[in-house]
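Next come two complexes built around chain A: one with chain B, the other with chain C.
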Partner chain A sequence: MGRSKAHYWFVGPAILLMLLLLIAPVVVAAALSMTDYSLGNSGFNWIGWENYEKLFTRRSYSKMFTASLTYVLLVVPISVALGLGSALLISSLRIGGELYKAIFFLPVMATLLAMAIVWEFALNPIVGVVNDILRSGCDKSVIYGFLSGSWLGYDPLESWYGSACEKKFPLWLGDRKYALGTIAFIGIWQAFGFNMVLYLAGLTSVPRELYQAAQMDGADSAWERFKLVTWPMLGPTHVFVITISSIRSFQVFDTVEALTEGGPSKSTYVMIYAMFEKGVRQNLLGMGSAITIVFLIFVLILTLVQVYFVNRKVHY
Partner chain B sequence: MKNLTKISAIALATSVLTTPVQAVEIEVGYAYSSLFDVTMERLIPEFNKAHPDIDVKFRATYENYEDGTNTILRESVAGDLPDVTFQGLNRQALLVEKGIAKSLEPFIAAEADFAKDGYHQAMLDLGTFNGEVYGLPYSVSLPVGYYNMDNLNAVGITELPTTWDEVIAACHTLMDAGHKTPMWWGWSVTGNWFFQALMWSQGEPILKDGKVNFDGEAGLAALEQMKKLFRECDMPNLSAGDAGVPFNSGEVSMYFWSTSAVGAIERAKGDFELKTGKYPGMGQPPKGLPAGGNSVMMVSTSEDPEEIAAAWKFVKFATSGIGAALVAETTGYIPPNKAANDLLTDFYAQNPNKYTAVEQSGLLRDWIAYPGDNGLAITQVLYDGMESIVTGESDDMAELQEELVEEVNDLLPK
Partner chain C sequence: MASIALSRVTKSYGGQSVINGVDLDIHDGEFLTLVGPSGCGKSTTLRIIAGLETQTAGDVSIDGSLVNETRPSLRDLAMVFQSYALYPHLTVRQNLITPLRLRDLNFWERFPLLGHLVPSRRAKMAQIEKEVQLVSETLKIEPLLARKPGQLSGGQRQRVALGRAMVRNPAAFLMDEPLSNLDASLRVHMRAELSALHKKLKTTFVYVTHDQAEALTMSDRIAVMMDGDLLQLGSPEEVYQNPQDIRVAEFIGSPKMNILPGYCDELGNITCAGFSLDGTLEIPSPGPVSVGFRPEHLTLTEPNADQSLAGKLTYKENLGSDVFFHITQEGIEGSIIIRAQPLISTPQQPGDIIHCTPVPGKPLVFGPDGQRLDFKALAQSGTSS
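Right after this comes the complex of A and B.
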């Protein structure tokens, strides 16, 4: 009995599309990253690994890696913890859970670019609402005493709030001490709602019986039940949430483009923004492609880690 | 099906109705909508009066000059160039190098008395490359100082500063009187314009014979001057957009920026007396200042001689006579055209704030762009360098200078 050729027809279209839309562009980018091609030029030269060499030796690119990694290390743990925390709190509610879900999920649905513009207004050092509120607390002794620590007997001018009242409130986006933190804050604000929804889904799959069994075996406190049942049962969700958050944080672009343009002093010069600046703004497609390839490798590593954990059967 | 034909019939009918049948359509792109929208709104009716058979269509405005050049490069790769584009004076060379801009020589040769229209040599030089004119300057700007006279008079300053040391002294006086942000200096202007302004102030270009020229004493003096100014005046790192707002609202009392913004600031400022003053010098009056602004270039790929002729008519109209005079009336730029300046004598008498730049026009020097593919990247390197002074990251100017020279040398074509 001859084998049917039908299977080629089943997988063929998918493979063809994958080659055209995924593999081919990556191959083109990899090839471009070995050239000095600049947009509008009629030709280019092969320069081998020169672009990569620059990427790992130049100061501005080391700032790029620092910014990207710091952003990921800030956003992932906090947004995952907040997502889990809010999911636990919401699932424990009898009523009103839907309302909180909707509220926390709103930033996820809103276009980040539009939200970035709202944040830009709010964070404007002179007319922005954030500094306005902070400033208005300076002459109210209750708030001032609390925030500057003078209630506890500290010198108010030593504290962050007290000295800011005395001098100036920070330029959230113009000061390299604050810029990345501010961008990360917006990132967390935007991402944790998504993680919350994933954890809520994960929580529904934890069988009720396990809690009852744990209680019978002597796990009386809520903390113990969380530690013994909820946490391990959420294993697959953890892997998924952390991977997705990491990849999404590596991809941060809109807020940086709209708010800081990689500055001040390259403190928010994240990878995708660097890609955009080199490849699109400065027309240096060779360098832009090299950053793209390095970025792809980062994402690939994250994905492989995820596959490794899933294969180890983290689920019980 | 029947509906579809009906719809397409309606679409066809409306398209016929909206475009005048014989009009030649040309497409034009320009930068900085906040500055030039008002100018274009007045230019087009005048142009239509003179040439009713030409229909000018604007493309989406470029955010700034770098964006303008990049847009043209992309459109050139995609085969979708407009007919006419307004490009930063310092970015013309790139488009000439890549063969996108068209030489204007054949058009100029066909004009009977081109010089009579007010085009003079000094102005044509700004758009001449390899001995051929590629761009006609449209609006030329110079750096000036904007002063809030109410704030300055209140602390007893009546004379405008003429050197940076006097600016710093004024900063101290203002700060002692409780002003937290006395001054803002436009280090972030596109194309490292203010860095070039400090270099030209000392009579030195930023680039000489294709080599970095800020590696010597003049370069170090420029960087030290910036550091001193930023530190002594306690200048915050406001973004350029953020800085215009506090000056308009009266919080910033001295604002150093391009003269191009006079029109925009006069329209937006609060209730205080605004005066513009000549750009301060480093101990002595500036020996030169970089000419900012933009020029009109032809990038049409059209084969239709009528369209090309229409594009040239627009270029000529915009850069001479009424067209160029409108620039001065609406913006604060100097029209680089004698005939236009003659139309403006009364206007400048009534608008002394816009005359400051004209008074400085003897100082006009090249706004230099860096050659080669890395031109834009070099601009960014110097931008980052200046930013590191503002944010306080760099404190040792000699070290910063060394770093910048090394990086820029590395990016210049060998």
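Right after this comes the complex of A and C.
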């Protein structure tokens, strides 16, 4: 029997497409990140690690990393915890669960860009509904007393609400102190419905008999059963939800682009926005590519952590 | 060690009744089997005893005290589930420790990390370890203690599930079809082991199964349930030989009992499938009746024998130790099964007409409502009608 070459024909197209569509762009980006190429230029110079050097030394890029990491660290834990909490509550409902699911899932289905415009109006410091509501509480003694802590005997002017009533309410997106937090809030608002759906799916796969066994074994409180059964049985779901949420939060772009454009003073200058600004707006493809490569490495690390450390511990 | 009593327990789901007033007294130290086809309410009954489900009406008491409002963990019962329900993320040792830990350690001693600082914890954990060791020796699962359930075979998981039930020294064991996920040979083996375990522990076992062979081989008493009713409660011999209801007669025994249509006359004499039975009903109930013959209570005879039942052999089932003849007779639905020794069975071929007679005194007669009628066989003097 002669050695057939048929196997090359079977795997060839797949490998070719993979190289062309997946590997090649990354290699090109990696190569570009070592140059000072701009779109439209006839040539470029190899500048070695200069772009990377800038990335890790310049202040604006360190602000970029801070913004991205802070965003991820705010959005991931809170949206995962809210997602799990709401999934547990919804699955314990006898009626109305479907309605809650639909409501919480609405932000996921809506276009974030369109929603961002709504948020922009709502958060407008002068005419926005958020500050309107906050302001309307200032002259109602019940609300004022509760929110400013003067009920508990604290000086109302010392509290956030009290002093804001006295002076003015935050600019939210226009204030360096609040902008990233506000963007993160919108991110959480948008992401937790998705996490909730994933957790609901995870919860249905927990066998009923395990809860009954736990009950027989003496896990009387819901908290004990949660610790003994629900939490560990959701292991694979946790890993998936956390990884997906982290990657999606690293990728945040549309709210930043629509609401703050990276400002004020680069407090919301997240990685994808920086990529967009450098690579597209300022036509510094080399720099944009360098950020892309660093971004890819971040995502790769997340994925590797998932595959090598966590997956082994959660699949029993 | 405990006795369990159910009195007039009913359960319905949204108007659909699944248990219709079951009265059941389970004695201390007894091996009682609830047996019946799937959907008969036996598992629900067990869950009601366990406290995992609440009865719609009626009382459950354990050792004389009412437990209707008692939560499962305080009823001091242990349950073995069909799926074993082992905690998959814990090792076998941790699985065995869990019920003890939840029962014996208080909130602070169980607290993650900080719990280790509570002084009383150490002594209690040592005691728990000792009990786990003891149980794993009894069940011979010591080599498995460090593994996780996913790394065990079905039989090993079964043992661990038993172990988790045993460590607590419960007042009674509740078992919900524990052997049905095992392969046939292991199931037979575990049957013997469970019986031995019951003799050793001398604890009350309540065992649910749909497999009548399991019920017959292991139990002290069998409770046959069907359609939410408890039809008969008695020792395996009694339930097999003296079924009080035609449904019990058909369910217990393998192959199934042959039920033939018969007719009772004014004097209580019964004719069936072309011959008359050698006995009469104590209280004649003229009209149609059903006559049941177990396969082993029919014997092959010569064609010319008096009072024989003839039929065409359709299928010969050779099990090695026994041979079952399936014969059909015109006017009778289904086939009649006769059990015979392999030695006498050799010559017949499918298609042949063969003859058999019932063993005297063995036929069971049921009335049109399915209730057993008192059939009195004639004295064994050999006088046939």
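By our rule, the second predicted complex is superposed on the first by the 299 of 316 C-alpha atoms of A that agree within 3 Å, B and C clash if a C-alpha of one lies under 4 Å from a C-alpha of the other, contacts with A are read in each partner's own complex, and residues count from 1 in each chain.
Throughout what follows, a contact is a pair of C-beta atoms (placed from the backbone, for glycine too) under 8 Å apart; a residue touches a chain by one contact, two chains touch by 3 or more.
Small disclaimer: the values here were computed from a predicted structure and weren't measured.
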Clash or fit, chain B versus chain C on superposed chain A: fit
Partner chain in contact with A:Asp220 - chain B first, chain C second, else both or neither: second
Partner contacting more residues of chain A (chain B vs chain C): B
Chain B versus chain C as contact partner of A:Leu228, first or second or both or neither: second
Which of chain B and chain C A:Gly149 touches, first, second, both or neither: neither
Chain B versus chain C as contact partner of A:Pro236, first or second or both or neither: neither
Partner chain in contact with A:Pro207 - chain B first, chain C second, else both or neither: second
Which superposed partner A:Gly181 touches (first chain B, second chain C, both, neither): neither
For chain A as apex, the angle formed with chain B and chain C - C-alpha centres, to the nearest 10 degrees: 160
Smallest distance from any CA atom of chain C to any CA atom of chain B, in Å, after fitting: 44
Where chain A meets both chain C and chain B, residue numbers: none
Chain B-facing residues of chain A, complex: 36, 38-41, 60, 124-127, 167-168, 171, 173-176, 263-266, 277-278, 280-284
Contact set on chain C toward chain A in their complex: 47, 50-52, 71-73, 77-79, 81-83, 85-90, 98-99, 102-103, 148-150, 164
Residues of chain B defined as touching chain A within the complex: 66, 70, 73-74, 76-77, 98, 100, 180, 236-239, 242, 245-246, 249, 251, 373-374, 376-377, 380, 384, 387-388, 390-391, 393
Residues of chain A that touch chain C when the two form their complex: 207, 209-210, 212-213, 215-220, 224, 228-229, 232-233, 235, 314, 316
